[in-house]
């Protein structure tokens, strides 16, 4: 399952069922779980300045697509899926079922929950906290320095079920409350209450999320999105979400 | 013409005049026309989830630069040119002379005309329609989900001769009319009339395009740009454009 | 020090102490100084259309990370450091200690001073002038065409000690004065005075930089940043900066 052109350290701990693509490199301190697949031209376990003494741990069933770079010193739960040319630096701790889109760049030293989905070209600055079921859309940037450059780091916090739409930037230290929606091309400078929509540059509150209706002719509310969007989530989560809203 | 380190499927249909760079991979269901050139570290015909049963067809005279990934299931006319690290997913149908800049990411299921030019790091969401002679500048995002995440997809439409300047985002379902200009760093939420300039976040109408003068000291109008910008277009198009405006 | 899978032209002038990573390509007209390190999957000295007749010169002590592409026809001083998947085109002249972040794309024909630091995914349009000690943060775009597309090119100028925060765009021909700060997600359409803060879309003046206080509880001013931020700068610069402000 290891392509003959791949360069894999004999000290890497790779399950026998793992596939390693052509021209990929796996360094010493790497652990990859059963059924995982690494695409072509990937460099896995790159010994960066801050994590070279600790392993990179990737759970079972991962699918890391081509040209991606993972540094040593981070940990990922099962079923990690990435696009192409993803970069993840040191000291990231991520839960299960993380999706990282093409070109996304996770700078490390952050905490990521379960079932988080990042689309293409997302930038996650250091010290971010991203809770379960968060969505981050293309070209979003999470910052961390309130007066750059400085040694003061204030990570962004995205609570459960938050969605940040395309090309928005979240300023240092901002907390976006559970279920909130950040509209596209917004600049979020202040904390956001749960279950509200903010948009604009600078972002202002627009309405409560429940006021947005699905544009499918049904008249149903578009948020909380777990009322209607279930693709790729486990049956137990979906059935819990269905019962949560059937009861309302 | 195939570098000895390249891995090319014997079932790929590649003209004898095609050049394949070092360390590149060409999968089974790929057809590449005469005179085309594939750079190093490219993966061509990647079997993705939505197009693996259909071929990738690349016309004659293509120049695909290094580290690019093209999925199976799309079709490109002659003279495709790309920068480095381009990604194109399934179900894209593109005309002739398409240019795709470095890092640009075409998500697939879109229709692209002839002589379309995308600069660096453009993101084209699914279901976009991009007509002939459109220009898209660096870091532009075309979205498609009016209330993300959802199953409702509303692609963006850019009519002929539209120019979208750097770091603008076009919101789902928006149609930008023929010859319009979207200023840099704009967020376009509503349809745009032909031949007007919109700018800002949210974008508002600024003026008609003909009111913008070329900053070359000539006093000539800067739009329609085909009055003065001819680099890389075929002589027959340029002579038609010249006669179109000489007659005014 | 050259990995056996690397493809290095015998006419490249590479110091014996240089390390070349796996699967990398070094073309003919390349000069790399002592102690430099090239990562995996890099293409160095790519013969592009505008610089193929001139060499690529990289000074001593460079660290170019994986998947990067440098065209022929540019010159870099000592101690260049890059992230992954950097692109640099022709006719760039850069000083010493340049840092270029992951995914950044320098379009060439620009002048870059000493100790310039670009973070991830920065886009530098042609004809930019970037002076010493400038900081450019993630997803910033420097443009150059006042009415795209056209043949009129007006590069951006960033004077010494400027900081441009994340996801800002600087419009063509704009000059940002020494020590100024451009806030995140700004669109800068007019020249910026030295030592002021501008922010917004369109950007407006907010205050003088000296009015911003460090959020570290000290009450000290956050700008000029060289008063407190010294990581990675040479001892002689730092001791000069310390004496400069001790004297105030």
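Residue numbering begins at 1 within each chain, and the chains themselves are lettered A, B and C in the order written.
Keep in mind that, in the parts below, a residue touches a chain if its C-beta (ideal position, glycine included) is under 8 Å from a C-beta of that chain, and two chains touch if they have at least 3 such contacts.
A quick note: this is a predicted structure, and the numbers were derived from the prediction, not measured.
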{"item": "Proportion of interface numbers common to chain B and chain C (over half same, under half different)", "value": "different"}
{"item": "Fitting chain A to chain B on CA atoms, where both chains share a sequence, rotation angle to nearest 5 degrees", "value": "120"}
{"item": "Interchain centroid distance [CA atoms averaged], chain B/chain C, Å", "value": "27"}
{"item": "Residue list for chain C, restricted to those that touch at least two other chains", "value": "5, 23, 41, 67, 85, 103, 121, 139, 167, 201"}
{"item": "Touching residues (chain side chain A, partner chain C) in the complex", "value": "7, 23, 25, 41, 43, 46, 67, 69, 85, 87, 103, 105, 107, 121, 123, 125, 139, 141, 143, 146-152, 154, 167, 169, 171, 187, 201-202"}
{"item": "Touching residues on chain C, where the partner in the complex is chain A", "value": "5, 22-23, 39-41, 66-67, 83-85, 102-103, 117, 120-121, 135, 137-139, 163, 165-167, 181, 184-185, 200-201, 212, 214-216, 222-223, 225, 228-229, 231"}
